Amino acid sequence: MKEYDIVIIGGGPAGLAAAIAARDNGSESILILERDKELGGILNQCIHNGFGLHTFKEELTGPEYAARFTEQVEKYKIEYVLNTMVIEISPEKVVTAMNREEGLFDIQAKAIILAMGCRERSRGALNIPGYRPAGIFSAGTAQRLVNMEGFMPGREVVILGSGDIGLIMARRLTLEGAKVKVVAEIMPYSGGLKRNIVQCLDDYGIPLKLSHTVIEIRGKERLEGITLAAVDDRGKPIAGTEEEYSCDTLLLSVGLIPENELSGAMGVVMNPVTSGPIVNESLETNVEGVFACGNVLHVHDLVDFVSEEAAAAGKNASNYVKNGEQKPNGREIILEGTDGVRYTVPSTINPERMEATQIVRFRVGNVYKNCYIGVYFNDERVLHRKRMVMAPGEMEEIKLEKEKLLLHPDIDRITIRVEEA
Amino acid sequence: MEKRELICISCPMGCPLTVELEGQEIVNITGYTCKRGEVYGRKEVTNPTRIVTSTVKVEGGKSDMVSVKTREDIPKDKISECVKALKGITVKAPVRIGDVILSNVAGTGVDIVATKEV
Amino acid sequence: MYDVIIIGAGVSGSAVARELSRYKVNACVLEKEEDVCCGTSKANSAIIHAGYDAAEGSLMAKLNVEGNQIMPELSKELDIPFEQCGSLVVCLDEASLPNLQALYDRGVKNGVEDLEIITDKARIREMEPNLTDEVVAVLSAPTAGIVCPFHLNIALAENAYTNGIDFKFDTEVESIEPIEGGWKLETSQGAYETRYVVNAAGVYADRFHNMVSESKIHITPRRGDYFLLDKNAGKHVNRTIFALPSKYGKGVLVTPTVHGNLIIGPTAVDIEDKEGTATTREGLDELSKASLNVKNLPMRQVITSFAGLRAHEDHHEFIIRELEDAPGFVDCAGIESPGLTSSPAIGKMVAEILREKLDLDVNPDFNGTRKGNIDLDTLSKEEKAALIEKEPAYGNIICRCEMVTEGELLDAIHRPLGARTLDGIKRRTRAGAGRCQAGFCTPKTMEILHRELGIPMTEITKSGGDSQLLVGYNKDRI
């Protein structure tokens, strides 16, 4: 059986950044397993600009951003295999994968980095009644068809959900010659970034209808139309608000779900809020030596932060292998979100093991204006930071200093809260 | 005096800007949190511009399409002309990132360049 | 002139075709859709009933029990997934116990074996830990089972085809006229002549019957909405769980599928439109409240919802006979539940009528055994490795949710009566049937169909007809 120190499942932005950071930290024996025909993951189909401002201080397109990392992987001669699907990971860290050339094979890893990304929620999960014709696509499927294969999925388009991929596709399809009639969002706020609403919808006069959803799908063979209705504050359609739209295409941009079937099957414990693994400060799951980063851990809005998080996971996995897989010592502090903060990554912190600065990422459950983020060590507030606006569609972060935590040997719980002004 | 409320698109922060105009003249910009925000606000009310991204066909490459962009931002009102100019263009592989696919698109003085190696 | 034309390539028509192929006969199946298994046969509960439901002495009861008895052997012959997992009818109140007893008695009279009424709650809980605590008694039917309706239908048709029965798709019968010695069928693809017609047209069977007979029948499409749940939920129950109609309502069933999913449904709404397979808000809401018998149903795990139409004849009985006032026209109508279960027996019965009338000789070349597609999931690691070495396409995963490989797609496309559409691929291989509902594999599957069949990408359909997935190329309208 082949053996590697670190096996990385997924060659998208998370896997690539993790591999590079592990190499920078001195690990030599690294293997990336990628299911697609090229490295770069979903970035290959994200041909729009807006990537890399944080990481490279310049504005890149998705493929350009990916190229920065793949070039580095090539330069470092980090091993990778393409067109390869991992079908099982054992708790003993034996990775079973398959491809055309090598058939079915096992790899023994000392550490594993989960970087499989996420998938889109499908129509089924929404229970929209009606027929099941051609012409209903998830936004990402349409993105692949248009951007990578050059095909138009439709002429007259309605988009349900205001996630970023949906907003981006509204502009893409408009520029390629389709008529995007409306974007409907069931929530009273958008799920995407503000800049995407400005430059993808407003620029092209595409209306965004908040608190609206699709309640009917017409057309038996190809989609012929849909009905939109306003919803009340519990998300239930309001009678009398129905509006019919004729369209041949419905794009769904209604959320992303981390792809953790492999992780779950190997015994990794999930956080029901994120659908991603519960991790400690090292981004290590409950299975020792198994780390997670990127959208498989929790769904991000910005790839720059995926890269940053994945680099931490890569470095930690490298240290884990170098330090002889030693057991952590010292106390574990529980980290949690309350009062509007839906979750935090990580979920626990060991002050002995953490870096000088620990980034804690989280999302809020509603739109908050002129409020504060409060960080509490047990019951003592140690941080009180003003935020003009916070929204569920935009990930937040705070930083914890190791120095400060070491000064508080008695704390066992850190909470992050939204506090009204 | 006219007040224009904008959302900065320079980066994902999406800062809310207020630009105060006296006729054609900008008298004040507020709400930005970095220099790019001020520049954006100024430009957006005088000469709004955008980066445009699209794809063109490739022959003989590992993919059938290559992604492209305007090397710099172009005037907003030139976007559709710019995309039209890309219709029917087919390039031959190999294509490298930064290769010029079409120069001076729609008379903007800006080149269309490849954003992917094919 | 054909000896026999069968209208409809659903499970009944295909079962008839397969049984008929045991004889030397010049026969053809006409199907208006692009594939087999496109109507009632594709959207149902996917269960094999034990046979205690249908009225004692009815044809339904007889063919149900016969079909149930044939299924274990048939599934081996045709190499299709079938599991005799058993079923329970759940009784929630003492007052309804006589109704449960009546079911038991009827089942015994119908010839159902091993029926048992269980009142020992500990035993019930051990059998089905997720049954509601309110349960008073259950009727257990160990002979009930679950089957893949697609594979049953496809395998029957495929086996009929390899034994010499012709199949014509996208061929809609428009009229039927008596001619000398038989019938002339005008279709969307020209006229066909035949000595005998078998009317296996599902919800449309009344239309064809009424074209040739003065003794009219009437079929109501009875729509049933369903939820299909993720494989994570597939073990929530071990058997098909039926509700005993009671003061709480008629109830719906909850069942595992042979592929490891969970099905909840169906509702029952009589409609006019024979193509009305749209789910409705009311229907789905009704299903969401279907947890009377089974507790903690994980409704967040729904991956898709769908609706099927039962071909309900006014007299709620199978009509399988040569018409008195239209000799040479054999009805196979009113095939509603337990139609899927009964289909093998229906096939035998109709074939026997035709054999006798047409005085058919045995087909000495008939081979009833069919090798199904390879399901990688069922192979050991060593077998998988050996297979991929021999055929590398089995190493290339196309659908990651269901772990379906390119090899399985190629097989589905190139085997007899192979897949030509996305749905055809899905029914044969499960590519696209998983939790992402074809989000990832759609472009890849389309490309393989394009490459293997030479269909232009823009002409590839989801399910035939006008269901093209793509409308053109980038910038073609600017």
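Structure notes:
Per-chain residue numbering starts at 1, and chain names A, B and C are given in the order in which the chains are listed.
In the analysis below, a contact is a pair of C-beta atoms (placed from the backbone, for glycine too) under 8 Å apart; a residue touches a chain by one contact, two chains touch by 3 or more.
All of these numbers come straight from a predicted model, not from anything done at the bench.
In this structure, the chain pairs A-B and A-C differ in their number of contacting C-beta pairs, and the larger number is found at A-C. Put simply, the chain farthest from chain B by mean CA position is C. Located most centrally within the structure is A, per distance between chain CA means and the overall CA mean. Rounded to a whole number, the gap between the C-alpha centres of chain B and chain C is 54 angstrom. Chain centres here are Cα means. That of chain A falls 26 Å from that of chain B. Mean C-alpha positions place chain A and chain C at a centre distance of 39 Å.
Chain contacts: chain C has residues 474-475, 478 touching two or more partner chains.
Touching two or more other chains at once are residues 54-55, 65, 80, 83 of chain B. Across the assembly, chain A contributes residues 146, 148-150, 176 that each touch 2 or more other chains. Interface of chain C with chain A (complex): residues 228, 275, 277-281, 283-284, 300, 302-306, 381, 384-385, 388-389, 392-393, 395-397, 400, 403, 435-440, 442-443, 457-458, 461-478. On the side of chain A, the complex with chain C involves touching residues 35, 83, 85, 87, 96, 98-105, 119-120, 122-125, 127, 129-135, 137-138, 140-141, 144-146, 148-155, 176-177, 215, 217-218, 220-222, 237, 248.
Of all residues in chain A, only 37-38, 44, 47-50, 53-54, 59-64, 67, 146-150, 175-176, 193-195, 197-199, 203, 301-302, 388, 394 touch chain B in the complex they form. Across the complex, chain C meets chain B through its residues 474-475, 478. Here chain B touches chain A in the complex through residues 6-12, 14, 16, 50-55, 57, 62-65, 67, 69, 76, 79-80, 83, 97, 115-117, going by the rule given at the top.
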